[in-house]
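Please find the structures below.
Shared chain: chain A. Partners: chain B in the first complex, chain C in the second.
Let's turn to the complex of A and B:
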């Protein structure tokens, strides 16, 4: 049976002023999969990712054409509330960026602005479960009032994931979440992604092809703003159809 | 080609030319460091000279000569207070000829002075404020009427300067403000232990006066405080709102560019121009009360606004963009992002800018001259609309006074102003450290 995609991009073009950054990209994101976007630097994979929750809106010169849907609903429709969209499509950034507040307040911020908790107990509950889901609870349960910025880099990134989870999104976008981390912290994040798979649709941008191979079920190879090849991760890495994909994953360029 | 090979001959690091080059480099660096050290020492020495001269002069302003007189509260000079209520009694007491009490006391001490003119100059040994001192004593305790009491009075300004040695005895009498007669009287009083120099508390509790010995700085301090309150309340919210809007919400176009250029230009406009603006608009158009802290505060507020906006924008711009991304990525609206994250993080910078701006406003004179805050005001202001003066203007006024004693007052007032400025800058540093240390 054909699965319905959670998010669907059709013929998406992105321009930064005169610069044509994304050229006619079509891509389906499925709810139960981790989708990896790979490709050399400057190929537009992060730009595409940021289109999925309209983070590009804040860049004045950016222009998006084409259609991106979330549950068959166009997210660039003027009737769509962008604040709600970003609650449904959460994001984790390249560099861990916890707020300079306590660990508790970092997690509680999202639920607080969206009014998700009716009282303090519910909020405590949300904070605890989010930290548990992000695999950080055991490490920080005794110091929830400590500043989030005092954690190690890997812990900070998991805190950011917990923060994104706390608003109960349907999709989580990750923009090279491990590029600022050491191998041990990276391994933990990858484990976490594996744990989260199925509960959230995950789209991850990565430079690291081994990582894409390890964590994802679908892989899209971007090159110069175009998707060269998109398919099951296993196929892309073992039996790519296109010559360019083959060259890239065998390390001939990029 | 052969030249090229010569250029690429192996470098001889031990050669004499190379060693000379290296030591020349070190010499250059040593010279540069010495130059820097010299510049700092020069600046420090000027600062030291300034503080030393000010400090030495201000001592005269902080201390005051007093003369003790034995006053007999002659009952015949006082009205009958029996049967009067307290209001009537105090009114009756204001009519008492206290000068006569002082004159009598001095004549008792110097019995050979009898001529009217001599008596008058004898009486002027003590300050004109001595009468108020006596009136106060009687008001506090009417039982003193009929009794005899030793009371310390402020010496008059010239006598004060003479006792402190600021007026020399060696100058010929015709060139001296304190005449030989007065010198003899003072020496006699001094020999009797009736002259002392004490800390001048009145300097910190009274307003301005034509008599140097009575002039105090409290009126100017209160005036400065009221003015700065208005300045802060006016310029901080507007400056912050403008900075936030320009930095976070305003579109980037020709119009906002023009605004930005104008704000930068306004920060460099001479302060007296803002005084003219206050004169024309606040006094001329809105008819606000002249010389009042309210108008002064608004004028200084206008002057501080550009500085505040620039400091605020710089602080907001310095907040890491990743924090904005984090908030927006969670679905915070732009305003929530700004108020929950950007402003709290920018606060140390904003506060520092504000306090530096306030310190500048505290030291500002020129614009206040234009709106009439230069008036001679004796009363300590009690509201924002009363006529008032401020510390730097007070200094300006005293510096223009010819009496020797006002020179000391000027230095003392400058010291007080400098202390306030140091205090405010210290507060700025403290606030910045405090807010930054939190995380």
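Let's turn to the complex of A and C:
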């Protein structure tokens, strides 16, 4: 049976001024999978990721062509409210970026702006569940009023994931979420991604090929703004079709 | 031979020393630079500095002490009957002698002993300059020879030269520190003289300010009361009005500029705003006095309000406009310092731009914005020209912005303008006001800087 993709990119081009950053990329993201985007630096993985929730809108020189859909609906349609789109497609960044607020307020921020909680109890509930889902609850339950910036790097990143979860999105985009973390914190984030799989469609950009192999079901190999190969992670890593993919994953260049 | 001529000759000699020192170092190693410890130029500087330093020292000593020494010698040589009895008489006498020597008209008697003393004064002075010039030249030659003879390939010329430069740098910063200390000390000393006449409590808590003191016993209308509360209140009132203008406008323009404006708009608007900061405050002053104040008076009249022609409102409004660029550019810095990641994080959660600004950016930049606010307040409190021209001099104790009030700074100007005797309470009160003002702005600035510094650390 053919699965319907959660998000579908068709012939996407991205330009930064005269620079052609993404060239004719087509990619399907499935709701129950973790999709990994790998490739050398500057190959356009992050740029592509930022197209999926229109974060490129805030860069004045960026121009996106082609079609990206979420549940068959074009997200670049002028009728689409970018604020609502981002509530459905959340994002976690390379460097943990908690707001300079308390841990509680960091989580409650999203639900508050979207009016998701009717009263204080519901809000408390929402904060607790989000922290639990992000595997941070046990570590912070006694200090919800402490500033989010006082946590360690790995905890901050899980706080950011909890913050994204709190809005109850359908897709979570992760832009190299572990690149600023040590191996232990990285392992925790990877466990967390495994836990979250199935509840959210996850797209993760990573430099670390072992990480892509560990956490993802689908992998796309980007090179110079193009998708060289896209398929099941197991296939890409054990039996790549293209010579370039093989060279990259065996570490011959990159 | 004058002092400036001997300085000129000294520089020429040192230049020659530089040249020969450089040549000597090159000659010693016959052009093989690698065997020299320092660069040839540094050997040149080494000789040049050895020639310059003693000479400069002699000239400085001459400038500082010569006046006193010559004066003492001249007074000592006066005939016994003309010798001054008191310190004041001595000063007057010396004044006459100096003026006669300079050929300037003077009030003193042209008695023969003054003429003689003046001649003697001129003679001593020119002899002194000649001696100094000779000494300078002598030291330069000795220093030059010593330097020239000590040049060896392993002489650490660079170390010596750099040590002299280091001392020069230290001296420069010491000058700035001592200037500040001197100003503060003079404020404190003069204020102490004032508080010896007027009790502290009257100055800080008195409600009546009228600094006219009686010169003669029978003079009327000169109560001489020094209660500074009306001035403090006036300063606060005008600063408050100014901040009501500057804070919202400055903050909002900073928000627009950092968050909404496109790059090319920002490129034009920001420099324009900074031009506003470059307008001399005198210009703001007459803008306030000639344009804004009459306008407020007339529009107040239409509403049936009685507006003084020099109102706190006019001065405060214009001062606020003057402070907008300061407030705006400091807030701009604070908002720009908030990492881009904060903004992206909020936008990625589906927050709108205004939600992001209100709930993430401003709270994150708040310490910086508070710092900007405090620096603006201290600017408003210390501003002088606008209030002198537009706020008036009447020390009314009022909270009504339509009345004329006066400020600390405006009063200081009024107290010290024109000829003043520097030992009356009236004049001395200016120093007490200055001290109060200095204390207030210093506190505000320290508070602001410590807040800004604390805030800087939080992102690193």
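Keep in mind that, in the parts below, the second predicted complex is superposed on the first by the 254 of 254 C-alpha atoms of A that agree within 3 Å, B and C clash if a C-alpha of one lies under 4 Å from a C-alpha of the other, contacts with A are read in each partner's own complex, and residues count from 1 in each chain.
Rule of thumb we're sticking to: a contact is a pair of C-beta atoms (placed from the backbone, for glycine too) under 8 Å apart; a residue touches a chain by one contact, two chains touch by 3 or more.
On a predicted model such as this, the values are computed, not experimentally measured, just so you know.
Peer 1: Please determine, from the superposition on chain A, whether chain B and chain C clash or fit.
Peer 2: Once chain A is superposed (C-alpha atoms), there is a clash between chain B and chain C.
Peer 1: Determine, under the contact definition given at the top, whether A:228 touches first (chain B), second (chain C), both, or neither.
Peer 2: Once the two structures are laid over each other on A, A:228 reaches no partner at all.
Peer 1: Is A:249 touching the first partner chain B, the second partner chain C, both, or neither of them?
Peer 2: neither
Peer 1: Identify the partner contact of A:103: answer first if only chain B is touched, second if only chain C is, both if each is, neither if none is.
Peer 2: neither
Peer 1: Counting only touches as set out at the top, which of chain B and chain C does A:160 meet: first, second, both, neither?
Peer 2: Both partners, chain B and chain C.
Peer 1: For A:149, select first, second, both or neither according to whether it touches chain B, chain C, the two together, or no partner.
Peer 2: In the superposition, A:149 contacts both chain B and chain C.
Peer 1: With the two structures fitted on A, what stretch of chain B runs into chain C, 91-99, 181-189 or 253-261?
Peer 2: Clashing stretch: 253-261.
Peer 1: State which residues of chain A lie in both footprints, the one left by chain B and the one left by chain C.
Peer 2: 53, 55, 58, 60, 83-87, 90-91, 93, 95, 97-101, 109-110, 113-114, 149, 160, 163-164, 167
Peer 1: What residues on chain A touch chain C, complex-wise?
Peer 2: Against chain C, the touching part of chain A is residues 53, 55, 58, 60, 83-87, 90-91, 93, 95, 97-101, 109-110, 113-114, 149, 160, 163-164, 167.
Peer 1: Which residues of chain B touch chain A in the complex?
Peer 2: Residues 251-252, 320, 322-333, 336, 340-341, 345, 438-439 of chain B touch chain A in their complex.
Peer 1: Show which residues of chain C lie in contact with chain A when the two form their complex.
Peer 2: 262-263, 339, 341-352, 355, 359-360, 363-364, 458
Peer 1: Over in the complex, which chain A residues touch chain B? Could you list them?
Peer 2: Touching chain B: residues 53, 55, 58, 60, 83-87, 90-91, 93, 95, 97-101, 109-110, 113-114, 147, 149, 160, 163-164, 167 of chain A.
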